[in-house]
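You will see two complexes here that share chain A, one where it goes with chain B and one where it goes with chain C.
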Partner chain A sequence: MSASQSAVRSRAEAVKVSRTFDWLILFALFFIILGGYHVHFMLTGGDWDFWTDWKDRRLWVTVLPIVGITFPAAVQAVLWWRYRLPFGAIVSVLGLLFGEWVNRYFNFWGWTYFPVNFVFPSQFVPGAIVLDVVLLLTNSMIITAVIGGLAYGLLFYPGNWPVMAPLHIPVEYNGMMMTLADLQGYHYVRTGTPEYIRMVEKGTLRTFGKDVAPVSAFFSGFVSIIIYFLWHFFGKWFGSTAFTQAA
Partner chain B sequence: MAATTESVKADAAEAPLLNKRNLFFAVAIYCVFYAWVRWYEGVYGWSAGLDSFAPEFETYWMNFLYIEFVLEVSTAGILWGYLWKSRDRKVMSITPREELRRHFTHWVWLVAYSVAIYFGASYFTEQDGTWHQTIVRDTDFTPSHVIEFYLSYPIYIITGGASFIYAKTRLPTYNQGLSLQYMVAVVGPFMILPNVGLNEWGHTFWFMEELFVAPLHYGFVFFGWAALGALGVLNIECQAIAKLLKKDLA
Partner chain C sequence: MKIIKDKVTKLSFVALLITVTAAMFYAPTASAHGEKSQAAFMRMRTIHWYDLNWSKDTVPVNDTMTVTGKFHVFAGWPETVDKPEISFLNIGIPGPVFIRAGSWIGGQLVPRSVSLELGETYEFKVLLKARRPGDWHVHSMMNVKGGGPIIGPGKWVTITGSMSNFTNPITTLTGQTIDLETWNLGNTYFWHTFWYVFGIAYVAYWARKPMFIPRIIAVDAGKADSLITPLDKKVGLAFGVAAIGIVAATMVSTNEQYPVTTPLQAGLLRGMKPIELPAPTVSVKVEDATYRVPGRAMQMTLTITNNGDSSIRLGEFNTAGVRFLDAAVHVDETGYPDDLLAEEGLTVSDNSPLAPGQTRTINVTASDAAWEVYRLADLIYDPDSRFAGLLFFTDESGNRQMVTVDAPLIPSFS
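Moving on to the complex of A and B:
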């Protein structure tokens, strides 16, 4: 290969080639990240995300941001720190949301016939925007972890509340008090997932009454800070370009 | 003038840098095939997939499984064998333009891998959740498993392996050794398939309810993280492409 030879014939062609690669890279990266993030998320927090009667004020609020901040942190570690692209978190959560919505519609509804308003996914968009904006404005991994990570946990519940609120309205059914979401679960029986393994509203944290969700969100934000740190370094490692010699 | 005419003729005769037809075909073939698979699940999941002791289960699901095993092993053998057999033995002496063209072809493979991994890790894996949380299983080879574990996973493994072999055998960038993150991105998701052994062993041993976040499933999570190795491949590719274009973009 001669160093004097050029791969392209003109500057215009070089620009066109560069733009074409941009689109190919964005497409491929979106779906590969989506695949990895979705399998991680569904198997670490999925049950609280699949069904509205699992979306309680305690574990849904606590678990999902903690397991959900992982891939955004790792992708930011490459897209921002190598390319100054301030959308690592949002592209990750939008990928996850795309994968989930396609699934809930075509499979949860289309194959097993659960209504969409029982199986719609949670979303991380407000938290991801804050993560990206904090990183963009501060250019600091530590501030992003502490401020952005905390916000990621705190914003999850309010970010999903407008959609969930109508389903947390109390109803009386056969002499029992429950939420509308509980009633959905009562009617749509999941034979493989009996009621006794539904982990909602557990523990004595309910002693605090109305404060359950904020306390859970605060704790979730605290752990999210730590998870952000950890996954930032995972992302750095995954973004390394080392070669090994074949044995 | 004569030189210009010759140059234009050479451009017209030359293969395009990016073969858009191949790119479109690569994406379309997965989408069309998986649309058919989804139709098959919809029709025969409920009508023939609930009782593994029923004769129709053998007809529609076990035979599907046997056929896909044969086709997958054959496809992997032929595709990987062809890519290896037709490797470029003088890869370090190709022209920069040819190298650029091969990077484009490599990205067609990576796009195909991304679509394959989407269907495997996202679409059919979460679909398995709704099937097993709804239907009590009486076999390891449930309709959703026949598709998820033994069809969609092997397909992304075959595609990822082909992409890796293409890069290794045709691109100077990957001639210096084995890219650690490329191996992670391909071998990690591949390891999800052997991990099915643990999953099935656990489900058979305990015959448990389907809690998707159960620790038995964490092997899938760990190997799913390996998809992030694509970030390393991205960085290697960006360096290589920038090197090829830098002079002209400056």
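Moving on to the complex of A and C:
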């Protein structure tokens, strides 16, 4: 067979090969995104995602969506503008969640024996679905950034609250009040993470009394809009074959 | 020649495989937590741990033990390390092999950071509950913000039993008793699985149709809009609305299920109560101090004045947790770790009882392999070559009195 000849001999065979490529690419894409996004998220979200006693109503709510909208925006740019596939965000967050669970289960629990109910990851699935759907419906990067980015920030806290609420039940411990999450942080010794490193409940947002989380979520959503633009362009600029050389 | 080369390559590869395989079977126990690699001046001039006691050498799973003692916050705290204004009483163990059931400074529970005063001495206690079987090195430890972990002496403790039997029952303020080891685990797995399946379902909708090759061909041909059908938009909209609806509904139902929740607690505890030590009746002036590198010995010339009403003798020099004792004066009966105890490591030129009102100049030598083993000799390479430690004098009644010393140290290489 010469180089100019087709590798397939019929339309049915072409469709079959095309589908095989679909699955191969999707499989590879999932793990490539997982690797990059996971490293990025560990470095930028870090402790806020590692431990339940870091998951507060101010900084956890603010920081994680901002650092978490990055890869979804970039992957969306590639998959939407080149393939019209509206699942860039959800594939990214599913990859991240899978990678984080592997990390938490095998490293944090299997290797160092921190209980899983103390080190489970946060999840971004509802926000990512909305991000993808807004792009699907509007075909607009700007509207996706503004509506989807804001929703990404807003949905994070309530999306994780069913898992976090049971750990915010108060407990009296030797004369002090703590939440169960605080107690987990105190009980399960982290030699390299002293209490003063824990960045929770810091800031000057005191005007809204106890209702801090919604304000933090709005702020997170606004910053997520900006980050979305930035990373969407990263996806557009670098999601290209210009950097490869044809044989 | 080629045959020889091939043989060498093959044998090298086999050797590499054998080495890698052998390495897999060699897994030595970690023997310490890096305290030896911490700069000597950090251990000698910051927190001085003494009168330490590990209540048990062997603990079954679910049983408790305590680490108790005192620590002196050195007044000559080095300029290169942040002051201990924000500190945390920690415990140096390899992960949560014990849980920290309680920790106290001066009788106050300290789950949070504390502010410590230079020159003060504090009593501490850490209550540990055994969780994971094994032999573990248990250290006292103080984290100082801007200074890092300042690790104290460690002792081997064995935990017996099975980790599967470990429980951590807690009664909440809402009256519910839970096991913190497994609490909320099923709920976490359920919601993460639910959302994962939800996300996969959305991807599956798109993956059931041709994805990459036909679509990029269509996009390149200017037919991108034809790839999204009205049904696709309806399905997408349904997923989006469902996601928002489920989040809202579960938020409401969760708040109904857990009506009482509080924010995470954080803060700094000030006003830690130090030990009220009586005013020292012994005054010590360091005339000079040298460290003799080949002999692994530190020599000090001290002028001691006894202002008390009972004669005294020098019994111990304690620095960085290493205890040099004059066996004629003081014998350790606390089970202090052997590697940190030089039972006859203190030699005093004249250690006869110093009567009240008398002054005497003596030569004191603290010698032991611990200087090298614990890398305290590296002090001579520090930017501020000073040594510091605690001297313990014993009076006729057996009472001990602590005096701190802090002076320049001159190395001697011959």
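Throughout what follows, the second predicted complex is superposed on the first by the 235 of 247 C-alpha atoms of A that agree within 3 Å, B and C clash if a C-alpha of one lies under 4 Å from a C-alpha of the other, contacts with A are read in each partner's own complex, and residues count from 1 in each chain.
Simple rule for what comes next: a contact is a pair of C-beta atoms (placed from the backbone, for glycine too) under 8 Å apart; a residue touches a chain by one contact, two chains touch by 3 or more.
All values reported here derive from a predicted model rather than from experimental measurement.
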Which superposed partner A:74 touches (first chain B, second chain C, both, neither): first
Chain B versus chain C as contact partner of A:5, first or second or both or neither: first
First, second, both or neither for A:173, with chain B first and chain C second: second
Which superposed partner A:203 touches (first chain B, second chain C, both, neither): neither
First (chain B), second (chain C), both or neither touched by A:82: both
Touching partner for A:25 - first (chain B), second (chain C), both, neither: both
Contacts on chain A seen with chain B and repeated with chain C across the two complexes: 15, 18, 21, 25, 82-83, 112, 114, 190-192, 194
Chain C-facing residues of chain A, complex: 15, 18-19, 21-22, 25-26, 53, 55-57, 81-87, 90-91, 93-94, 97-98, 101, 112-117, 120, 123, 125-126, 128-130, 132-134, 136-137, 139, 151, 155, 158-159, 161-163, 165-184, 186-192, 194-196, 198, 200-202, 210, 212
Chain B to chain A touching residues, read off their complex: 11, 17-18, 23, 38, 41-42, 45, 92-97, 99-100, 103-104, 107-108, 110-111, 113-115, 117-118, 120-123, 125-127, 129-137, 172, 176-181, 184-185, 189, 192, 209-213, 217-218, 220-221, 224-232, 234-239, 241, 244-245, 247-249
Chain A - residues contacting chain B, complex: 1-2, 5-11, 13-15, 17-18, 20-21, 24-25, 27-40, 42-47, 50, 71, 74-75, 78, 82-83, 99-100, 102-103, 106-108, 110-112, 114, 119, 190-194, 197, 234-235, 238-246
Contact set on chain C toward chain A in their complex: 33, 86-88, 90-102, 109, 111-113, 131-132, 141, 143, 145, 149, 163, 168, 170-174, 176, 178, 180-185, 187-188, 191-192, 195-196, 198-200, 202-203, 206-207, 210-216, 218-219, 224, 227-228, 232-233, 236-237, 239-240, 243-244, 246-248, 250-251, 253-255, 257-258, 260-266, 268
